[in-house]
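Naming follows writing order (A, B, C and D), and every chain is counted from residue 1.
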């Protein structure tokens, strides 16, 4: 009974939201004698800007897409509630790209005429599938994928550090910061674009710091057993193992290793981590999983600040917004990522509005001249220049700590390695 | 040597899962002469239900397990009664498509009800393991093998001695004849679908054991079990089981040794090794190791 | 009929594991002769027929047709070698029309490949139409001209049998093998088919081997008859001789009966 | 479309006249006219629809080409294949290699994609000869896995696991990426892809239609219905099967090339079993061994979910990423699709084509019923 009431309530609120969105779509770019130049998705009359979001809401990747979109939306909702960008409000139209290129193309075309640009396009193969069209239509893509190649096209407005730089930094931390110059290091990576990028950083770091590269092992995203990979690393005697994988795979790998009595220092790439690996519902209150002990102590390198660490300037504001708009959200790096993506887009829109030109072409140009965007430390500041390339090369290193809220404790704040600096984008 | 033993153990455990899935395929094939493309979804359905019963409803594992298995069987039954019953005598293609329909519906329903977060399968063993001779045998894997063997033995007993077992075998050999001698085909088919659901659930639950977890994606493993049913001969339950264990071991050993001894075969060759083996076998025996050659009709 | 036999079968043997379906069967069929093989159920008629039509390979002995060793022929070579057959349980393709079924019989006479046929070039077209004409004539012969475009599946059994004959004729064979053509037919249908076989033999002057259970049909059609039992020859001769043959009578009806033709 | 006319008129000479012929001649021409109308509508279609549907149309027509090929193998020759994805992929990478690495014109890489995939079919076909039914089906599944493995590891051509980008078709100065304009009429990238695919589909259908009217088509049907009987009647079973394999793979290759080029970027994991399955669903739902079946199947399998996605976006109880809602748009459309698939196949196992025929027959009967009373009335008048 209570549930059904809840439903109706939710439905109503949603209907309201939709109404706004639809009205925004229906009467777009009706420039009523105002001075501003407006592209599609811009309603000068009501001063609303509509952005598209192409993100996986279903399937395995929805574990990333849902929190990321939530964080992005929370930021804009809060922004709109506080007068928007000099009076302009930002709406999101969300479509499920199912992490499937064909669906991405369809959903892109479904909304492209009603949006100024894509506030989010999640995934590598998906984003690749619309890049060509987007370029020809000057539709900026808020690309949520860390593959280095996206940093080389001005149509992709990316944030954060590419996977390759990320790995290079982590290995710099081992060889230089910790002074383990000739540590025995191995890597287990997913045999796809993501894994390839991780491997690229690994190789770059190897050439720069000459650590003892004892072995590589690959796996497939459908694998259910990791005995061979665990044994390969164990026999190679790897003391540090870089894991460029998805969370479930990382868990099975590390769990299997623990069973056969192999406990190296695991170095998980950002996407290999999920709080659901530790707790049944991702929260501190949830039931601890069986693999949690095995994961404790592992390093997770990424570029999001530790959830709730108020020493980070932007954190308290971030938490306030999250409390207000997504009180049930568990600590999650992707939520932070989405929030920061929104910050970058807000900066972009602010620049365009200030220049009085909200046309698509203008925004693509603005992306290259945006300069530095500060995320209040929630993510390393991003720097947008006409020369393109990675907008950030910084990484932080967190350690899995079962007692911390969010289970991650930062042990090394943002830093940047020489190898990462010298990495040329793919 | 230690490596080999460790890999072999993992292979047998993985093989046990394949054997269960393969058995599910074979049961349906013998009854309706089609591949059941919903086998993977049935597996996920059962496993997720067990997981939720244990974690939220606080059921004891074994009770949840039984309920989950029966529920999965029920889904199979309902599909037979609600859909396939009306498709009796339709071309095989149509029936295969119907199982695909079931697959996509189940898939979306599971996604909606449970989401895609990994869940514990709820078993009592967790990460516990037996250590001896420098090898580690995790209890989940040991139980996986035991459970598989129990199910398989149970199935053979049922198949051999129960009234339905006989009925199913005769229906498998010649439906028309079976019908003629008054064997209730529909009830036989229904039984087959119940069994398929049950074995699927068993496979799913153990697949989700430590250090793995249960989420919709694990349903994909069903596709990897195909070589098992062909290797053994699709209409032979013995074949399915043998095939299952064989490809489990082959996959695991390939993963263990190919990278160092035959790296030219490329990364992740273990993924295709079972299929390569299957094709090699078929070149010699077009109907698998235990399969029966269908009578050529003029 | 010429003295050099068309079909020569020497010491033919066929065994399935321990079971001997045929042993030392020998006979000759002259050009243009209508030769019949009879025998009770399980006598080995069908086995013999399947060996002749290359469905089975003989375990021993040899078969030559017009001096050519048939063991060398694969089933799809038969048509090219001028040998056609009908099937005991109708070898028709239910999903096709009558005309298409008959045209399948002319497969070996048509050479257009995927390119010529796919682009429907003049040559392919000419080939297609000339063969349709031939198929139509075959249908005319069996009196089914008007059914040409009907799906064969919806025709009565007797008519389907005629279609099969039309197809056999369309193959333009020199040897026609008939596998129990009247099996499971009504008296009336049986008479029709008998007449059809007779007229084919008379007008097309082709060698025919008829395997049949029905004495009456065989006696009224065949010029010579081979009687089999348990895979062995028990008699070979003219219909009258066969009818009087003790072994045959015993084989068919057991002791103390007369065979009426 | 003059061929059907000739066809029967010659058949006509063969059977020496008769009203039946005239009727069938008209029948053939009614079909010709219908085809013409459909063709015209197909050409005008993209101008009348939204950008969303224009993109969807491209996917539909491209898929129809692949489905047409699969139908030759599975629908017409009865060889169940779940390996179509492998051939789609082969075509795609041929396109990428020739068009991307060597910057050749699409006039070359599109046919090349067909040829390469066809050759692959010619290699695979013979090994499949001994296998029947489900055994063949599952071996072809193996083909998909093996092909994916090759795609992942032949980095030079496939770009490795990271995938590769593909060029838009270019014919001389015409570059699909930029679109073009005829006089004042602007033709977008999507429209260009659509028309190219449509043209290739039309050619493909013409080709298959011709096959089905010649001995090759009959041979295939004979092999499908009763292999051994066909063999004894002189059908070269092995050659027929391999031929079917080659034709099917070649068409898949072309479809794959267009699909990949339209996406602009492909990763090896895209050519997986689900694509193969999707194609089988197309031919079964559309109606096997019929000319329009594969096309209608493609419309059903790709168009229907797209439609559901389109309409269900505005239903209040559906969540669309903005929070709230009970069930996501995708899950809803997946469920509805699954249910429709089941219901449809229970009601009409012969597929969309069968449904069409049924409606047609009903229509004829209705017309017949309407005419008869008029006729009798006339007779009445005369008799008075």
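Rule of thumb we're sticking to: a residue touches a chain if its C-beta (ideal position, glycine included) is under 8 Å from a C-beta of that chain, and two chains touch if they have at least 3 such contacts.
Everything quoted here is computed from the prediction, not taken from an experiment.
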Interchain contact steps from chain A to chain C (minimum; 1 if touching): 2
Farthest chain (mean CA position) relative to chain C: A
Length of the line joining the C-alpha centres of chain C and chain D, rounded to whole Å: 41
Whole-Å gap separating chain B and chain C, where each centre is the average of the chain's CA atoms: 49
Separation of mean Cα positions, chain B and chain A [Å, integer]: 37
Length of the line joining the C-alpha centres of chain B and chain D, rounded to whole Å: 33
For chain B, residues that touch 2 or more chains besides their own: 108, 111, 267-268, 271, 298
Per-residue multi-chain contacts in chain C, two or more chains: 55, 87, 91
In chain D, residues with contacts to at least two other chains: 152, 161, 226, 228-229, 326, 328, 330-331
Complex contact set, residues of chain D against chain C: 3, 6, 10-11, 13-15, 18, 20, 24, 207, 210-211, 213-216, 218-219, 221-222, 225-226, 228-237, 243, 246-247, 289
Residues of chain B that touch chain A when the two form their complex: 3, 6-7, 10, 13-14, 17, 55, 108, 111, 115-120, 126-127, 129, 131, 135-136, 138, 207, 210-213, 215-218, 220-221, 224, 252, 255-256, 259, 267-268, 270-271
Chain D partner contacts - residues on chain B that touch it in the complex: 29, 33-35, 37, 83, 86-87, 90-94, 96-98, 100-105, 107-109, 111-112, 223, 226-227, 229-230, 234, 266-269, 271-272, 275-276, 278-279, 282-283, 286-288, 294, 296-298
Residues of chain C defined as touching chain D within the complex: 53-55, 74-76, 78-80, 84-85, 87, 91, 93-96, 100, 103-108, 110, 112-114, 117-120, 124-125, 128-129, 131-133, 135-137, 145-146, 148-149, 167, 171
List of chain A residues in touch with chain D within their complex: 7, 10-15, 17-18, 21-22, 53, 55, 57-58, 65-66, 69-70, 73, 92, 94-96, 98, 101-102, 105-110, 112-113, 124-125, 128-129, 131-133, 136, 147, 191-193, 195-197, 221
